[in-house]
Amino acid sequence: MKALRIDNVAKNFGGLQVLRDILIELEEGARLAIIGPNGAGKTTLINIISGVLKPSTGRIFLFGTDVTGISPYLRSRLGLSRTFQILSLFPNLTVLESLLLSVMPLRSNQLSLLRPIGMFKHLSDISQRLLEQVGLWEKRGMIVSNLSHGEQKLVEMAMSLSQSPKVLLLDEPLAGLSPGETVLISSVIRSLPSKVAMIIVEHNVDAALELAGRVVVLNQGMILAEGTAEEVRRKPEVQEVYLGTEESWKSWTDFRKRRGEQTP
Amino acid sequence: MLLFLFTAGFTLIFGLMKIINLTHGSYYLFGAYFGIMVISFVKNLLFTAIIGGIGIAIIGMLMQRFLLHRYETSHQTQVLLTFGFTLFFADLALSIWGGEPKTIPLPHLLEGSIRLGMLTFPVYRLALILIGLLTAATLWWFLRSKYGMLVRAGIENEEMTAGVGVNISLLKTLTFASGAFLAGLAGVIGGPIIGVYPGLDMQILLLSLVIVIIGGMGSLKGAFIGSLLVGLIDTFIKALVPTFSLFAIFSIMAVTLMVRPSGLFGTE
Amino acid sequence: MKTFIKTLALFALLGILPLLLPSYYTGILIRIMILIIFAMSLDILMGYTGLTPLGHAAFFGISGYTMALLNLKVFHGSNPFIGFGAGIAAAIFCAAILGLIVVRAKGVYFMMVTLALGQMFWGLAVKWQQLTGGTDGVAGISRPAFAFISLNFSKEINFFYFVFVLFGLSYLLISLFVNSPFGHTLIGIRENEKKMEILGFNIWLHKYMAYVIAGAFAGLAGMLDVYYYQFVSPEVLDIGNSIGALIAVILGGSGKLFGSVIGATIYICLEQFISAYTQRWVMVVGLLFIFVVIFAPLGLSRLLSAFWVSFKKPTEVK
């Protein structure tokens, strides 16, 4: 059974057709990148998958269950988790406190009134594991607003993992990061548990291609190409959409070689 | 109708400026006391009302300019601050004017009552209704006018509007002052009917809050309809079961909150 | 552990004080303790859940009145403990009902609605003369007495220990409450309600329970207050009373229980001090409130702890 199946989804806002004929399947533990130029419909698609928006037509299946009409919160209980481009954190709490909160809902008696939270060891154990996964355990006592942007993204990621999702949607995880932070976050994404299926929506084409096994390229609301990273890279339609023609692609790669940067 | 004048001022300040001013009640109170003082000199109610209104407007301007405009973003701070001022003003009034209730005498012209069909109405109340309607009309027209839009634009996006050359700060102060003016005016005009006494500020503020909750916080229409509703029900219940008049009104407020938390015409 | 010992020490100190100081101070200490309970109940909502009720005195007064009226009119002073139980029950009952209406309101709406409701109860107390005696209030309430221990609570110092025990219990319960998962959830709600919703918490239920619990403790404070003065009048329901608690919380620092302790102590001491010089205490309270809101919105306890932290070296966080 596929972890996630997006079945003939289309979305229009009034007269504006934003998505069309979207058919994507995701295996368990697979890593998929969705790329495409601005306005291609990536964010809309993610919103539909996570339940923030309803598709105009088509259905979403999570491990065989039709979740098309179900709210984001219920989807998260079914194993679908997502990060947001605009971080929504607890700025004045510490990293550990934030994680404890995100770990609580499924695992403890929320309404437990009298026993101090320190006594719930399993909560702190899980929080520790999550924080170690993203490399923030040492910084657990720091106030979230004092962290760097990249570290805050890691907190967000840890929190989204707290519900032990089987499918994780990462919405522009590398946006707004410095090169150093990009490397950090990329390596964290790579090291996430292999049984978690992931969809990464990214602007940073290079990074996305490196993190994912398969790629879907969206353009103007439709799937332009899909396949492995290598296959997609070489497709002329893709290059054209991103980079103009093959010639400009060549001069661009030359330009980057001269700057000493890696080229695909 | 009196309630409307008062509430309209409050809504003006809130709807346009997004400032919650609990001191509005004190404005009314002071307006009324002020009116009492002045009328012994001026002998003309209308004139006194206007002077009273202006006096309060000045106080309002001072408050806004120097204090409130720093806390435009934090509703909670505004509420707490103006709350504190209410206490302060209430006690100040007590110390200056004492605890005895006072009234303003009715102007000769408007004394007595007329018969409309089967019912007799005191002339003064009719005059009040007229003033209320007039104010409502003026405000409504005003808000649609260029000025109103400027203020609204200024609230939405202060930098842009200022960049276009509009003196937002002045506009804000003027708007606030207008709201305060209405309260002070209402205070004087209400003098002959309700009189003035300690605690009036809270009472009228309270009713106003209920109106605003029922009618919706930013909406003048809501203030109008809300005032009518509350005024009617209040009079009605007072005639039947006086002890529970407040209770009845609050029940309606409670119901509104449960059914439609942003009020009938709320903008929030 | 350290804070526990420090708190215990302070409690012990408080317990001995009335034996050391002249009896005039016993009354003040009692009033401080009562205000602390009231302030803590407010802080549960303000500092921990992020809701600021302006009419909290409603619960303070409802329990007081219920107890007083039952005490005098039904039992004629014979069984004060039923009055005690009934008072708290009344406060909880009202909080449960009001909570249903009120907890759905957000932010400023919440403040305004609670203000309106609080004043409604005040108005009721004033107008319903047959029941409450209007502004004259209800007098002649006797303090509870344990029949089996022949402790006479009319003696101030015995009453002090009665309040002291209840105060200690309240502080203990509220501390436990605040450190529990429930308490942490409230903090989360205060910090980022939307996120908490996404994470899967039942926001409404948490707010509601916090409201009822806060109402219960406010009710407790209210009853102790009526026992102390042996008199109740509409003033206990008035905003002035709510503001007193608000000042105590804000002054001392919301979000930290000990802040209520500091704030309440300062407030009562100020009141004692200033009332000796002028009748215009209310005006001063208003000004004080304004002052505190402008200059010390985070309260003194935050100021103090920030001060303290700057002295210590950064240590390993446990």
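The first chain written gets the first letter, and so on, giving A, B and C; residue counts start at 1 in each chain.
Here is the rule we use: a contact is a pair of C-beta atoms (placed from the backbone, for glycine too) under 8 Å apart; a residue touches a chain by one contact, two chains touch by 3 or more.
All of these numbers come straight from a predicted model, not from anything done at the bench.
The most central chain, judged by C-alpha centres against the centre of all protein C-alpha atoms, is C.
Among the other chains, the CA centroid farthest from that of chain B is the one of A.
Averaged C-alpha coordinates put the centre of chain A at 47 Å from the centre of chain C.
Distance between chain B and chain C, defined via averaged C-alpha coordinates, is recorded as 33 Å. Averaging C-alpha coordinates per chain places the centre of chain A 52 Å away from that of chain B. The part of chain A that touches chain C in the complex is made up of residues 72-73, 76-77, 88-93, 97, 100-102, 104-106, 108-118, 120, 123, 140-141, 159, 162-163. Across the interface of their complex, chain B is touched by residues 52, 54, 100-102, 104-109, 111-113, 115-117, 119-120, 123-124, 127-128, 239-240, 243, 246, 250, 280, 282-283, 285-290, 293-294, 297 of chain C.
The part of chain B that touches chain C in the complex is made up of residues 20, 67, 75-77, 79-81, 83-92, 94-95, 202, 206, 209-210, 212-213, 217, 242-243, 246-247, 250, 253-254, 257-258, 261, 268.
The touching residues of chain C, when paired with chain A in their complex, are 173, 176-177, 179-185, 187-188, 191-192, 194-202, 205-206, 209, 317.
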